[in-house]
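A, B, C and D label the chains in the order they appear, each numbered from 1.
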Amino acid sequence: MTIDAVAGVLAVPAAAAALLAALPDYRVTARLNVVATALTFACALSLFFTRPPPGSYLLVDDLNSTFIVLTTFVAFTTSVFSSSYIGHELAIGRLTPPFVRFYHAMYQVLMFAMNLALVANNIGLMWVAIELATLTTVLMVGIYRTHEALEAAWKYFILGSVGIALALFGTILVYMAARPVIGEGLEAMVWTALVGRASEFDAALLDVAFVFLLLGYGTKVGLAPLHAWLPDAHAEGPTPISAVLSGLLLNVALYALLRFKILLAANAAALAPGPLMVTLGLISLVFAAFMLYRRRDIKRLFAYSSIEHMGIITFAFGMGGPLANFAGLLHMTMHSLTKSAIFFAVGHVAQVKGTQRIADMGGLTATHPLLGWALAAGVAAIAGLPPLGIFMSEFLVVSSTFARSPLLAIVLVFGLLVGLAGLLLRLNGIAFGEPRGPTTKAEASYLPMFAHLALVLTAGVYMPPALVAWFQNVAGLLG
Amino acid sequence: MVLIGDFLIQGAQMLLVLLLAPLFTGFVRKVKARLLLRQGPPIIQPYLDLVRLTRKDVVLADSASWLFRVIPYLVFAATWVAASLVPTFRTGLLFSWSADLIAIIALLGSARFFLALAGLDVGTSFGGIGSSREVMIASLAEPAMIMVVFTLALIAGSTQLSTVAEFMASPQVGLRVSLGMALIGLVMVAIAENGRVPIDNPATHLELTMVHEAMVLEYSGRHLALIELSSSLKLILYVSLLACLFVPWGIEAAGAALPTLAIGIGAYIGKLAAGGFLLALFETSIAKMRVFRVPEFLGVALMFGLLATLLRFVSGSF
Amino acid sequence: MLTTALACAAALLALAAFAAMFARQPWATQVVYAACLVIAAISLVAGATHLLASTASENLVLPLGVPWLGAHFRLDALSAFFLLVVELGAAAASLFALGYGRHEEAPQRVLPFYSAFLAGMTLVVLADDAFTFLLSWEFMSLTSWALVVSHYRVADNVRAGYVYLVMASFGTLALLLAFGLLAGPEGHYAFAQMRATHPSATLGALALCLALIGAGSKAGIVPLHVWLPLAHPAAPSHVSALMSGVMTKAAVYGFMRIVLDLAGTPAWWWSVVVLALGGMTAVMGVLYALMQHDLKRLLAYHTVENIGIIFIGLGLSLAFEAYGMHSAAALALTAALLHVFNHSLFKSLLFFGAGAVLTATGERDMEHLGGLIHRMPQTAFVFLVGCAAISALPPLNGFVSEWMTFQAILLSPQLPSWGLKLLVPAVGALLALSAALAAACFVKAYGVTFLGRPRTRRAEAAVETDRCSLAAMAVLALLCLLAGILPGLFIDALAPVSSALLGARMPEQMGAQWLAIVPIAASRSSYDGLLVFAFIVISGTLAALAIHRLASDRWRRAPAWDCGYPDANPAAQYTAMSFAQPIRRVFGSVVFLARETGEMPPPGDTRPARLRVELVDPAWDWLYAPLAEAVSATADRLNRLQFLTIRQYLSLVFCALVALLLVLAIWS
Amino acid sequence: MSRIGFDIAHLLAGSLVLVSFLELYQDRLYALLNVFAVHALVLTASVAWQAFIQDAPHLYVTAAIALVFKAMIIPVALHRMIVRLGIHREIEKVVGVGPAMLAGMGLVALAMVVMLRVTPGAEPLAREDLAFALSVVLLGLLMMVTRRNAVSQVVGFMSLENGLVLAATGAKGMPLVVEISVAFSILIAFIVIGIFLFRIRERFDTVDVQALDRFRGERR
């Protein structure tokens, strides 16, 4: 019975993918998509109660079950949003039924790949899964077949492939490091086995391995200067995919990084992974913050804000320690929820206004109060304004960092402030001022959006003790 | 019993300043005229003016509001209260503690505030000129005044006029540089505050040079009388302030007997005469300056005040 | 009491949700404001009782906020006093809004945020741990920001809101750093823990600077004030009153809480910073105000000035405290607190007046007003009281607190350190200057707005404002007078605060004869507002009676004399700009590099002559504009990275790889 | 393992690096393709040798893939594509041959320094092989970033990937090697097809250069 939960997390999407590829009718497939993701989410929840023992391929522990639950949940809400979104795309003929079919199938494949990457206990398997996820998203980014969509997909594809190669090289190196200790064959790639005896590995080899893994998976996380694919992929693909990319795929890649960070941390002789992550995190934060100012495309804007926040999260995990790790986990969760909510809102806004150009939107709170205020709330949350969840995580990160290394904290605060100013500048243009663009009523699915925002708000003022204990436990694991 | 006596003394003091004020103004005018080898009006001319004015009807401008009619009484009241709290012939007046030097300055300030409002009330151009210049001058005069007060307060360890006066009368004061500077500063401020030459000419009727006169241009009848009275009250206030701060001799300490009080009053009147004479002499020997030279004049006063304070700080002996 | 206050805050939040749902109903405005009034009144009573009963501080921990810490709340003397200030302002504003709110065209953009804003301010003064404090603090900013942009169509308002929110977040981050410093790496976020760990002098100094930046940017310390004159006027008037009169006080509270309560024993040179900034702020604020002809903006700048005065008081108390002169410190602190209270009174009153004028005429620009005293006499009267109070004229309350500040300054020779010996008198001169200039400024404000003849149609057509608004203003005016003539009452009420923070208090005042106030000793200095008031009233009425009885009391109307010039049209009156001209020439030419260029058309040309005035705002033009420039330049530079080719992106990756490998090679 | 076995493996790996340098040296497309075919052949040999000395038969599959796919199909396909799309034969360089070579030297040195810090473990083969593999990878990347021409960039990527395969096969008993090489071949096929589909004549750049100016909301 215990295996079923994990199997479910993997099998349901796989089966759904096959089914969706076969079924023609849009309404059915959309519903089916929702049902499948809901089922997956249920399985993921059951992981809390029943947990299989780590096998040589699959592993479920506190760390990744957190990720799995988050992933499946956001995947579920996104599928709800996606059904109304895709309906509209069909209506205006931006997508044709065959493409919708393809889209839904790919959606499930993506879910499968991400879940696989999360539950994989074998670093090789993890690599394969993440690459599968990448390639799937490449295909979905290009789905509109417009010139710029293809261009974005192409850029994503090339940079992604290089990332793939680097990550693979890192993986091989880890294996090389492990082999003398653990022995040849599969065992030398099983993470639990690795982390158990990491202290005996060759430190120098681990260092090189980590460099490659950091760059390889860092490309997926979207850390500057490896971020180039991210903004365009977000901007040109269908909005549900932007939501999934920002909300989930980046997390999954980060998860892989964390696994290897733990591995390195377990080896005293190896170089400390923290400083590298801190540096990359800060670079991404400040860089993305400045990039916000010149954005004219609303989805690209929030794509850059995703880079910014991945930077913060990487920074937090790089700092390490119970407080920072807790903050990092919290921040990651909050960011996934908020950012996907924002993309839900943005998707509908773009559909209503018929454009993604910020200049062509305006006075949204007047023309579409619900959408407008939801977007404003989302931006306030993502900018780290209370009483929303991200404020708490930023509070913890900054305050804990300042006591330890003031300079870093000041850079961090600087980046946060610049980013906040940039986001608000754009928000002013979108939400307030003279109304611009069409004012037709939006047939939007508000439920996912407000569900996410409600969760974020709640987390900002009150976190259930169980969750806190859970996060603290995980933070302890991260060291 | 004592209380009643104090009441009487306080009342006497209030009446004294009230009665002497026009006389002093008249005296100054007379002396000025004489120095210019003119006959000049009789000394009691101000009384006559006041009586004449109070008899006349008030002519209100069409656009004048209720405030315009209330202000003369307010101004008069504030100035009179301020004047009655400055010890003239006897320290330790019954109510002198109810407002120290800073409060007295502030009282004069509120009188000025309302007068400036009156200048704007009718909505004429000259009223505006008067008020705006008046507040400009005041905004420079007040800090200078405060600085002088600081100096005195630091020397006497009090802002309570009676205490300061008694302290000044005592031999332990001696001659101090800071005191001298404070004196000069105070005199300059007094000149500015009372709109005397060279800041302003109370006798002018050339509109563009008027400051105080322009503000009260629209007043007539009893209102004008009250304003005139309060401006002479203000003048005598400053003179008696100078007197009790820098020539405190002859001011009777609290609880002195009646005959000595007479001496005190005599001394006071003597001081007034001297002050008036000096004022007239000064005014006849100097020309009025352009309005925008005033800031420099008062800037000097402020400098004196500040210097006095700092000197006082730097060394106790100064 | 604490639970009551918290319950009130919760009720306000609930009310906000309610308002968000029903704001579009016609009855919503009245209901919401009435509810706010009631709740604020209850909470006000709670604060007052705690302050007057001077009971021990109450603590409460709720399972909110930082999980392992919980949300700490505390009601001690300090927070009780500020709770009182906040709720008093809130109650008055709600009462005012009962009438004023009717003219709001988009209530759904005001009502929810209004009550949420009140809740935020209440929570700020009650919070007892860093997270809760910052949460409520920033929540307060956020809600007030929403109120600032409530008239979202006006581009200026949106811009004002932007500047405001950015500055607010900047302040919050500074405070966050300060708390991070005091909390230490283990994260002792509860104020109690911070109190327990006495930080070193340098640490405390750093915390002080950060608090000065953080709280100062909210309170409007020059040069962090730039958002204030933009944001405060942009909001609806009752909100402007709250922001100016109350929210800035919450900022002062934050500063006092950190510096006087948490940052340990002060060193004397802390006070130097505070004093210098305070003096500069006071003078700059009033000078800025003098250059304005927008009524609400003028008032906003005066808030800056008064904040400066308050910080002078705080700086003095720091200085005295550093040398263990507790009673003097208590005097300075009490002066500052009293000014906090007074300013919240008359600034709210004045903004209400401005709001009444705005609704009556639709004008904020004084140059388009005038003669309102004939159309709206009651408003004119209460506004006059407010003007007199803020100009520190006896016997009103503004004078009392400034007088006490002067008394505290006069104690400075006892300070051992030379720096302070020289600095304090200079600050005193600045204080006097700002007081005098404030009087000048309000002569201008009142004279141009209410006196004279109406300059436009709309000013002519003005009508008296409604009852509720009048009631609110009247209450505040009455309080101004009361606090002016019975200061002893309020000083004694403040005693617990100073004894809690400094372990010393001012001598009991109510015992003194004739209800005078005696800061140190009767021989030294004393002031009796009641007597002065009585004297003025008595002598004024005496004079009136005497003259009316003995001489004539007849009067008749006639055209204005004006030296025989015929009655020119109202445009010939002195305008605000021309009234300020002499002062602008004296100070403005130095501070703002003011330049006047008059163009006089040649004879026969019918064009009007024009006088143009150019001002340079030093804070904006020399500090913020360059910053904005720098940011946008950087953004432009980096933005090129959005337009690279794939090969160039690849080379970025390549360089990163090589760099990391090099690090490895060298690191070994 | 026998000494000679190690020497041969070593030789093959070294010659792979050498061929990478040769690729870097070319400035004609056809020549480049031929050199790449050689590169693939050397890889095939080395993989086959590894399969022999590790007696791991599945590695022969990898070798076969390398031989058939990389040494034959891809070069031919690219050759025909050049003809079809009329891509002109010059290779546009960002950096001239000389500097590129120097940079390559530097990279090899870097690879050595980094790898030789690794403690000589059970058998030196791993360490040496890794050093060579790393150099091949770096050289491939260098080629991708210093060549403007799409085809040559693909070649660069493929030689990079050859380096990976070298490392993977060098890692004794590494699982999933075959799968990985298959996956990579598919990846490369994608890229080649992509180039063909999008008519990317000269460089990857053309697509987004146009997109920058005409299509994106991010117009400057």
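Heads up, the rule we're going with is that a contact is a pair of C-beta atoms (placed from the backbone, for glycine too) under 8 Å apart; a residue touches a chain by one contact, two chains touch by 3 or more.
Note that the structure is predicted; figures quoted are calculated from it, not measured.
Colleague: Give me the chains shared as neighbours by subunit A and subunit C.
Modeller: Joint contacts, listed by label: D.
Colleague: Per the definition of touch at the top, where is the C-beta contact count highest among chain pairs?
Modeller: B-C
Colleague: Please flag the chain sitting at the greatest distance from subunit C, going by CA centroids.
Modeller: Farthest from subunit C by mean C-alpha position: D.
Colleague: Any idea how many Å lie between the Cα centroids of subunit A and subunit B?
Modeller: Going by mean C-alpha positions, subunit A sits 78 Å from subunit B.
Colleague: Just give me the whole-number Å value for how far the CA centre of subunit C lies from that of subunit D.
Modeller: Roughly 69 Å, centre to centre.
Colleague: Could you please state the distance in Å, as a whole number, between where the Cα atoms of subunit B are centred and where those of subunit D are centred?
Modeller: 99
Colleague: Can you check how far apart subunit B and subunit C are, centre to centre, with Cα atoms defining each centre and the answer in Å?
Modeller: So the centre of subunit B lies 35 Å away from the centre of subunit C.
Colleague: Where does subunit A touch two or more other chains at once, residue-wise?
Modeller: Correct list: 154-155, 158, 162, 204, 208, 294.
Colleague: Got the subunit D residues that touch at least 2 other chains?
Modeller: 114, 117, 141, 144, 204, 208, 218
Colleague: For subunit C, write out the residues touching at least two other chains, lowest number first.
Modeller: If we look for residues of subunit C contacting two or more partner chains, we find 639, 642, 646, 650, 653, 657, 661, 664, 668.
Colleague: Who touches whom among the chains?
Modeller: In this structure, the chains touch in these pairs: A-C, A-D, B-C, C-D.
Colleague: Can you list the subunit A residues touching subunit C in their complex?
Modeller: My answer: residues 154-155, 158-159, 162-163, 166, 204, 207-208, 211-212, 214-215, 219, 225-226, 228-229, 231, 271, 276, 287, 290-291, 293-294, 323, 363, 365-366, 380, 383-387, 391-392, 395-396, 398-404, 409-410, 413, 416-418, 420-422, 424-425, 428, 431-434, 460-463, 465, 468, 472.
Colleague: Contact residues on subunit C for subunit D in the complex?
Modeller: Result: residues 639, 642-643, 645-647, 650-651, 653-654, 657-658, 661-662, 664-665, 668 of subunit C touch subunit D.
Colleague: So in the complex, the part of subunit B that touches subunit C is made up of which residues?
Modeller: Against subunit C, subunit B makes touches at 54-67, 69, 73-74, 76-78, 80-81, 84, 95, 97-100, 102-103, 106-107, 109-110, 112-113, 116-117, 119-129, 131-133, 135-136, 138-143, 145-147, 150, 153-154, 157-160, 163, 207, 217-218, 220-222, 225-226, 291-292, 295, 302, 305-306, 309-310, 312-313.
Colleague: Mind listing the subunit D positions that touch subunit A in their complex?
Modeller: Interface residues on the subunit D side: 114-115, 117-119, 121-122, 126, 130, 133-134, 137, 141, 144, 157, 160-161, 163-164, 167-168, 171-176, 179-180, 183, 187, 190-191, 194, 198, 204, 207-208, 210-211, 215-219.
Colleague: Inside the complex, what are the residues of subunit A that reach subunit D?
Modeller: 124, 128, 131, 146-148, 150-151, 154-155, 157-158, 161-162, 164-165, 168-169, 172-173, 175-176, 179-180, 184-186, 188-189, 202, 204-205, 208, 232, 235, 294-297, 300, 356-357
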